[in-house]
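Going by the order they are written in, the chains are A, B, C and D; count residues from 1 in each one.
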């Protein structure tokens, strides 16, 4: 049983916090949305009136926030978490943010003698609810060992990507590649269908060949090919276009900062941005196949 | 035991023909290169002095040639195979060619009452030698059943992609996707390394996540990450840049003919063409990672 | 006064033929659409019942047809023009087609001892009506001199691009570059406006600087910046998206055939194809700025 | 005659400062490189030992520095210029930097009641020496009128792009478009030559047609087509690849910050970055034509 402060109770944070309660931990929770706080309080958490109040007395602080500026604000800015916590507190930021901000927070924590981990997740809301998230962690190995039992209450797989910020870098690399795989798979399926192939047969062949990838395995973008996927329910639910755009932009910023050539990654971002502006921001990202072939649904 | 004519004894055709001999079939072989014919004759094949002579009396004709015009020439042109064969002969073209030519050959064969299959392979020279090729077959199901025992002497997996030409279409779709996966994986690894990650660790994370694909599984492009790959022996051997360019160009031609939008597929082709012109045509295709980051080898 | 056969009386061909009549030439005209023929007959042309009949007795044959197969059909196929014409007849194909077909037609004409020119035009329907077309001509210089007075009745500028097929090559190069200029100009304007600039001011600055190009000079894609452009009338009229797609595809086919790396040209084609499939095929091509920023019209 | 502090005496700044001296102004100059300071002192400037010392007593401060952090450092950081200047001093930053930093400096100046202009230039070292630079200016119109006589001593054209930061935005938009024009022109020329055209003839045709752009007018990238260009002297001199990469990256950062879709702009940046990493960073940017076709020089 650990005293945990959980800050950020959105679509992801709320079920993650609930899973920590179920695992028997004591939680103090905070969010700007008071209903979210109230809901967790009903489930047994202590409602805090500020991030700092939640963090005071905690052995572990977990943050799950939308973007870098929010995280910076909570730890260093108005949230004052970094000054509110006792020495020895372990800080775990599960938000997906840029690596630069992550490294700056690690450095600020280290100055105060605190262990910190950047631990962005994959698995989406479904994974957060089912406690099957994947954590991709940056920071000291010893800090990760301290965090492991806590993370295991919220997820299944835990990767140690490297030093401070490495969790963020690994996640953005993976998600950039994911955007490329999905778009490439969509192109291959569109090309096959336009030339007379059955998308199911083509999917099976590529999955058993050198075109094999995660999209063909569990997330086929072509409508009707695979049950249970967003493609088979009108691209509702799943991983939204705008969430992928956010990850692609983090990757491209890291690419600009390190002068890395990313021709496919940046083309995929352009496609998804233009697609989002057509009103598709909340559609599942596999619907890029429809952006490439707007006549798809008539087939 | 079947009487087989085998036409085209290059790097792929020669070991394929040798495997048919080993399986106990009787072969008549032809190639413009007489040494290639002589070598197979030593192994037990009958040396024919022309494609038509090889084909006369055969129950099955197999062709393995560089490109569409050669195949057309052998069946319809100077090779006169289509008029030389007995009725009832099964024609199997294992070359990788454009779908349009494949369909035209099917139609010409059908006019003469002959069954034909387009059956391009994947697996490369190593697969041809080890009889572990994959065949991706277009044509009638009944014709494929006739061909199956023959194909099984040369390969392991046999896919039925659909009607005439579908084997070619499926292969070009797969290989276009392969080019995208490889380039995308290279970008993700370059980005990670530029931002401080260990390429082995990042590869493991992405392989276990939604970035998972064939390149990460068996053909990692980063030097030193995976043993036994071209990346670990200076990008020698493997699947040459120019062979991929050929497949990408078949895919793009099919895309132009059907007005299919292929942004990643066509960008990948541009990159590989420019790379090839720098003298890299015979390097393994995973070396695209060096084209994206020419400083890679200094790392 | 010259005896001219004019074959192909569509949106472009009809006003071109009318201008030849106005210039005092004698015309025999043919088109599959009999109303188009009737209209020209009212204006003084002789209505022919076939391409061959129109061509018989002509000193000059002009064709203006949609694509390569139509042109081939008229000269070599069912149209039988090549066998119908008297020796000494000059053949001028004003259609925009692939260079390969153009060269094959030149060769077939040369075998019969006939001079031929490929003379695709730019300037659109407005240019055809006002007799201000630009002709980009491939073929022998002497043949071009014979054609010059005829072409001058339909256009203003005449370029000699080189030998057989060179007219087609030069036109596809120019129009591929046009697609790139327009899309690039759209990106620059979108970027400026998104960062607070007035599109008029930015257009003036770039036009006076190293960003200067034809789009900024006479065809600004941003609504409201330049009077009289399609952008200022809802992108109606002008040069249709599908016409540009056709030209881009001719260029890309020539690029595939010569293994030329065309990263921007092929990306532009992918964007226009996907845009066309959203139903924009008949919109002016400068509306690509809206495809890149679908929120543009709300601004 | 105006008292001017000039900070930053590199390849661009030194000749700009020299032109101000020639025009009769009194200069105090500073640079970290003392030889650069000494050289200007010989020409009549007062050598200052720090940026702040140069700025003290100046009516106008001009900065010409490599990138945003340097500019920030000079005005707000160690350089302390913003606190060193007298009230009423006009600040002109001629560096090319990101718009965000430019706006932050304007705001800091405004807090102290000082007028500031961002006034990046185009024209290169040759333009700096000949006093023919173009200034693209952001800031208040009244401040620009104060600056005009000073700027006219260093350049020929002065554009008012808009409010604070607008000069930087306009310059990055223009230079992104320039990169696209140059690469697109290179592709069109490569395609034409590969298909048998003379690059001079094709250049003339496109310049007189809708492909017309600045590169065809004054900076043709094909060797031997236009005298006096970098292409005609082995791509030495001119506008270096790495300088364009810097501008492209400023544009892409502004695009990421405003979620603007820039497919061509970002592809061009990827190409130039990979090209730079092959060792071409100091080659003229028109040599991208060789990156697209490495066999060009054998032609």
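Everything below uses one rule, namely that a contact is a pair of C-beta atoms (placed from the backbone, for glycine too) under 8 Å apart; a residue touches a chain by one contact, two chains touch by 3 or more.
Worth saying up front: this structure is predicted, and the values here are computed from it rather than measured.
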Quick check on chain A against chain B: do more than half of the interface residue numbers occur in both copies, making it same, or fewer, making it different? same
Of all chains present, which has the mean Cα position farthest from that of chain D? B
Chain centres from averaged Cα atoms put chain A and chain B apart, in whole Å, by 39
Distance-wise, how many Å sit between the C-alpha centres of chain B and chain D, to the nearest whole number? 50
Would you mind listing the residues of chain D that make contact with two or more other chains? 259-263, 267, 271, 274, 277, 292-293
In their shared complex, chain A is touched by residues of chain B numbered 99, 122, 134, 136, 157, 159-163, 165-166, 169-170, 172-178, 180-181, 183-185, 187-192, 194-198, 201-202, 204-206, 208-214, 217, 219, 251, 254-255, 258-265, 267-268, 271, 292-293
List of chain D residues in touch with chain B within their complex: 267, 274, 277-279, 291-295
In the complex, chain B touches chain C at residues 245, 249, 252-253, 256, 259-263, 266-267, 269-271, 273-274, 276-277
